[in-house]
Each structure stands twice: as structure tokens, then as C-alpha cells.
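You will see two complexes here that share chain A, one where it goes with chain B and one where it goes with chain C.
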Partner chain A sequence: MRLSFRDKAISGLLTVVPANERKFVDEMANFNFSQARSLKLKQVMGYDRHRIVAGPVCASDLAVAGIEHLLAGGHLVRDDIDALIVVTQSPDYLMPATSHVVQGRLGLHADMICLDINQGCAGFIVGLMQGFMLLDQPAVAKVVLVNVDVLSRKVSPRDRNSYPLIGDAASITVLERREDAGVIEAELKMDGTRREALMIPAGGFRRPSDAETAAMIEDAEGNVRSLDHLKMDGSAVFNFVMTEVPELIGGLLARTGTTVDEVDAFLCHQPNRFMLQKLADKLAVPHEKMPSNVVENFGNSSGVTIPLVTTFNLADALLAGSRKVCLAGFGVGLTWGAMLMRLGPLRFCEMIEYREDV
Partner chain B sequence: MSTVVEILTQIRPEFDFSQSSDFFEDGMLDSFDLVTLVSELDKAYGISIDGLQIVPENFQNVAAIEAFLSRNGVVP
Partner chain C sequence: MDEFLTEMSEILEDDVTMSDALGQFESWDSLASLSVMAMADSRFGVRLVPQELNPAMTLDQLYALIRSKKAS
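Right, the complex of A and B next:
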């Protein structure tokens, strides 16, 4: 689906990563694979270290810490927040919505909209879409978009497919109307027939968690997980990304008459280094224009990876000026979406750590 | 330059790759080894194998890999 948004802009970006850092070399012994094979994979996929919560930290904990940081720094004023969108696959509760939990914990006023969206790796694109749509309402002048996941708590530590790359994080993105912002063009697609490529099979109403779903089972490749854990069909996901995403980004560039040279940065979801480099090659995008260093430094934190790749690589540039960027997210659902926009200058573009011992 | 068999042997030294007609069926390579193999072939031959071509059929034995490389303009 083609989408356009006029005179809307991202005015600031903050990312929050847990202070707890784990190293792949320290976790290799958990997997049913030789050290030599794991080390080769480390090199190819970019597994090195990842930030994951150590204790029972919830999505709202990271979100509240981020928003409080912005309130304390004067980047946000409580009563100016007209809408709060929380995009997460790891809500605090099945009900109520995590956005309401965050609103209540922060003591925000009641004359506002709180919305949860269940989206993962494309969640930043979907969240922006929802936020920009809300900004069409005259009463909504400022939207706070929170992307947050603590999915490490739902990944088996003995699953080499997923555990080395999983990361926990939150991002706080402030969206506003801006008269000189021009047009943001976007494409968004979804395919629920492929919903099982990435899923947590148990724990919802379809298959409530019980002793049976908690049983650890070894798959054909030696990964050990239960039905309560995240399961990723790596081959299906890789094939999906290689098939759909080049067409998505290529189509968006063609429709808007934009060349690869005219785009300063392709800020994509960060599944792993190998997949991103293959994606860049397929689009004839130089690797330096498509940063792929989030997994090796922080892990893959679903919908937070686009903000994270931005704050990690482009903070100074976006505080000082603007860049033409192509954002692309793709994953669970399946969902894939891209946006072309001029980003910056931002009022804030920063990364902070969440400390569990404070 | 390393041969295809040498590259395979570096990934899984415990197997004799010249004797198998299907590495995946014989349990010599899994999907993660395939990713490692593609990365090593890219580096060894200075190419970037198209993501959509990364399927077991193209890499199931030495002859298949050599034929695949030839189709991509590489003489292994």
C-alpha cells in the first residue's frame, strides 16, 4: 500500500539500551555446536555482544526511563503529549495496554490517546504511520512513539538461531507537524499467511502456557527451545527478506524518482550483518550507506533497531543538519515497510543506558 | 586460491566432502553452515552471491557448487 504524509516530521530520537552486556564467546557453550563452527558464524553474522535485561525488566520500565529522561532534559513537557503509541510484542500484561501503563506511571493527563500496536521488526515504520495519521487531527500536535521489546525473556538461551542476536531496547520518537517538512512517501505490506515464520506459539489464548508448552525440545539443527519461546524459521525469513525487501525499497525509489545516490543512508532493520550486506548488494547500495553494526554491538531489538542504528551512527549529523534517508523494517506478521524522508535537524538524537541496579 | 573442497573442509573438517552427493541430506551441512559457505565463497572469488540463490540445491555437492560458480562467471 502506498502512503504519503505531508508536513509531518520526526523531531527527536532517543534510544534506551540495558546496561547489561553479554558476550557471544561467553554464551557459546550453551549451544549444541562446536566452538569452531560458532566462531565462524560469529564472523559472518556479526554476533559479538548484545544488550539484554538481566532481571524481570518489562517494556514499560524501559519506556518510562526513556520518557523521564526526555522530561528531565526539557525535550518533552508532560502536558504537551497528545498521543502515546507503544509498539511492542512483549507487553507488561495481556491487559491493560502497555501504553496505559506508561501513561499512568508517568502521571500524564487524561486528555490524550494511548494506543498499543503489536508489531515487531517493522514496528518503527508501522508506528510512524500511525503517529503521522494522528497528527492529521487538529487536536494532536505532539505524538510520542515508543518502540520497545524485552524479547530476550522469551528466547531460549540454547537456541543458536535466535539467542546470540536478540537484544532488548526501547526508543522514544517525538513526532510533530512541521510546515516545511515536505512529503514523506511510504510503502507498507503485510502477509498473514506467513505468520508462522516468526512466532511465540504458546502463551496466548490459542495455546495457553502449561507444563507441556514449557518442555524443552531439540530441533533437527540442535537448537533447544520450548513452545513458550520465540521460534524463527531462519530460511523462510531470509527468503522473505531477499524476495520482498529489494522490491519494496526499489519500488519506493522508482515511484518517487529517487536514485540510490540521492539517498544519504539506508537505515534498515538489523537482523544480522550477512543479511543486510546481501540486501545492500541486491539493491546496489554501497555497504557504508547501509550500516549493519547494531547486531554486533547491541543485538536485534525488533522495532527499535531503526532508531538504534540511527542514534548509534548518525547522531552528530542529524543534530547538526538533515539527511535524506530511506527507512525499512521487515519481520513478524509478516510485515514489510519502507519510508523515504528528509530526517533532521533533530532536537535530540541520543542513546542512554538503563541500569537495573539503580 | 582455495578450492571448493578446501573451503568446505575448513567449515566442517570432520567430513570428506568429495564422497557425498548431498551434504544436507547426509548431515554434513546445515542452514548456518550454508551461510558460512556463501560468505567464504564470496570472499574467495570476489563475488556477492545473490541472496535468492542461497538455496541448498545450489550447494548440495561439489559439482553443484562448481556449476553454480561457473554460472556466476567464476572458474573454481
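Right, the complex of A and C next:
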């Protein structure tokens, strides 16, 4: 579906990563694979270290820490927040919504909208869509979009498919109207028939968690996980990304009359370095224009990866000026979306650490 | 075919011949399978699905599959 937004902009980006860092080589022993095969996996996929919470840290903990940092720094004023969107797949509770939890913990005023969205790796695109739509309301001048996940708590440490790449993080994105912002063009697609490619089978109402769903079972490849854990069909996801995403981005560029040369950076979701380089090759995008260094440094934190790749690689450039960027997210649902915009100059573009020992 | 053999040798981390079966290599696993799909895509412009690859398949059969998909 084609979407376009006029005179709306991202005015600032903050990412929050746990201080706790784990290294792939220290975790290899958990997998039922030879050291040689694990090292091959590390080399091909670009795994090295990742940031995951050590204790029972929840989505709202990372979100509140990020927003408090912005309030303290004067980048955000408490009473200016007209809407708070939280995009997460690891909510604090089944009910109420995590956006309400964050609002309550921060003591924000009641004359605002709190909204949760259940989206993962395309969650930044979907969150932006929702935020920009809210800005069509005259009463909404400032939207705070939070993307946050602590999915490491739902991945089996003995699952070589998912554990080495998982990361926890949050991002706080401030969205506002800006008269000279021009038009943001986007494409968004969804396919619920492929909903099982990425899922946590148990723990909802369809299959409540019990002793049976907690049982650790070894699959044909030697990965050990339970039905309470996140399960990813790696090959299906790879084929999905290689098929749908180049077509999506290529289509968006074509219909807006934009060449690859005119785009300064392709800021994509970060599944692993391998997939991103294949994606860049298919689109004939030079590798340096599509940064792929998030997984090796922080892990894949689902909807937070686009803000992470931006704050990690482009902070100085976006504080000083603007860049033409193509954002792309793809994952659970399945959902895939891309957005073309001029990003910057930003009021803040920063990464901070969340410490559990304070 | 030389290019195919070179690529397969790299993926399977061993010397390979066209009569070898995928499953006879210790390195044949989901990562190798993914690498074969990526190689078919980038080198030959052919999209394979995981169900088309099985351990009993020989390199000859894999190459024939890629060529037939390229032709169609």
C-alpha cells in the first residue's frame, strides 16, 4: 500500500541499549554444534557480541529511562507530549498496554493518547505511520514514538538460530509537524498467511503457558527450545527478505523517480550482516550506503534496529545537517515497509546505556 | 559449472565432485543450505526454496535444478 505524509518530520532520535554485553565465543558452548560450525556461523552472519538484559528488565524500564534522559536534557518537555506510541512484542503485561504503564510511571498528563502496537522488525515503519497520522490532528503537535523489545528473555540460550543475534534495546523518536518538511513517501505490505515464520507459539490465549509448553525439545538441527520461546524459520525469513524487500524498495524508488545515487543512506532493519549485504547487492546499493554493523555490535533488537543503525553511524551528520534516507523494516507478521524522507537536522541523535545495577 | 563447483567447495569447506551428495559433508546444515540459496540467487539469479534441497541430493542434481529454474 502506498502512503504519503506531508509536512511531518522526525525531530530527534535516542537509543537505549543495556550495558550488559555478551560475546558469541563465550556462548558457543550452549549450542549442540561443533566449535568449527559455530565459528563458521559467526564469520558468515557477522556475529560477535550483543547487548541483552541480565535481569528481569521490562520494556517499560528501558522506555522510561530513555524518556527521562530526554526530559533531564531539555530535549523533551513533559506537558508537550500529546501522544505516546509504544511498539513492542514484549509488553510488561498482557493488559494494560505498556504505553499506559510508561505514561503512569512518568506522571504524564491525562490529556494525551497512549497506544500500543504489536509489531517487530517492521515496527519502526509502522510506528512512524501511526505517529504521522496522529499529527494530522490539530491538537497533536508532538508524538513520542517508543520502539522497545526485551526479546532475549523469550529466546532459548540453546537456540543457535536466534540466540546469537538477539539484542534488547529501546528507541525514543520525537515526531512533529514541520512546514518545510516536504513529502515522505512510503510503502507498506502485510501477509498474515506467513504468520508462523516468526512466532512465540505459547503464552497467549490460543496456547496458554503450562508445564508442557515449558518443556525443552530438540529440533532436527539440534536447537533446543520450548513452545514458550521465540521460534524463527530462518530459511523462510531469508527467502521472504530476498524476494519481497528488493521489490518493495525498488518500487518505492521507481515510483518516486529516485535513483540509488540520490539516496545518501539505506537505513534498514538489521537481521544479520549476511542478509543485508545480499539485499544491498540485489538493489545495486554500495555496501557503505547500507550500514550492516548493528548485529555484530549490539544484536538484532527488532523494531529498534533502524534507530540504532542511525544513531550508531550517522549521529554527527544528522545533528549538523540532513540526509536523504530510505528506511526499510521487515519481519514478523509478516510485515514489510519502506519510507523515503529527508532526515535531519535532528535536535538530538544519541545512544545511551541502561545500567541494571543502579 | 566450474563456478558452481568453486562456490560449493567454499560452502561445504571441502573438495567436491558433481557426484557427491550434500548430506555426506559434515558441514551440511541449515547455514550451508542458506548459503546455497544465496549463491543460487546471486550467481545464477535463481530462487530456491528450502524444501528443494535435501541431504540425498547430489551436486549434479542441484546444478540441474538451478539450470532448469534459470531456463524457465
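Throughout what follows, the second predicted complex is superposed on the first by the 358 of 358 C-alpha atoms of A that agree within 3 Å, B and C clash if a C-alpha of one lies under 4 Å from a C-alpha of the other, contacts with A are read in each partner's own complex, and residues count from 1 in each chain.
Convention: contacts are C-beta pairs under 8 Å (C-beta built on N, C-alpha and C of every residue); 3 or more make two chains touch, one makes a residue touch a chain.
Bear in mind that the values here come from a model prediction, so they are computed numbers and not experimental data.
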item	value
Partner chain in contact with A:Met242 - chain B first, chain C second, else both or neither	both
Which of chain B and chain C A:Gly234 touches, first, second, both or neither	both
Partner chain in contact with A:Leu41 - chain B first, chain C second, else both or neither	both
Partner chain in contact with A:His109 - chain B first, chain C second, else both or neither	neither
Touched partner set for A:Leu279, first chain B, second chain C, both or neither	first
Partner chain(s) touched by A:Glu221 [first = chain B, second = chain C, both, neither]	both
Shared chain A surface residues [contacts with chain B and with chain C]	37, 40-41, 44-45, 161, 221, 234-235, 238-239, 242-243, 274, 278, 281-282
In the complex with chain C, residue positions of chain A that touch it	33-34, 37, 40-41, 44-45, 161, 221, 234-236, 238-239, 242-243, 274, 278, 281-282
Footprint of chain B on chain A - complex, ascending	36-37, 40-41, 43-45, 160-161, 221, 234-235, 238-239, 241-243, 274-275, 277-279, 281-282
Chain C - residues contacting chain A, complex	13, 26-27, 29-31, 33-35, 37-38, 41-42, 47, 49-50
In the complex, chain B residues that touch chain A	11-13, 30-33, 35-36, 39, 48, 50-52, 54
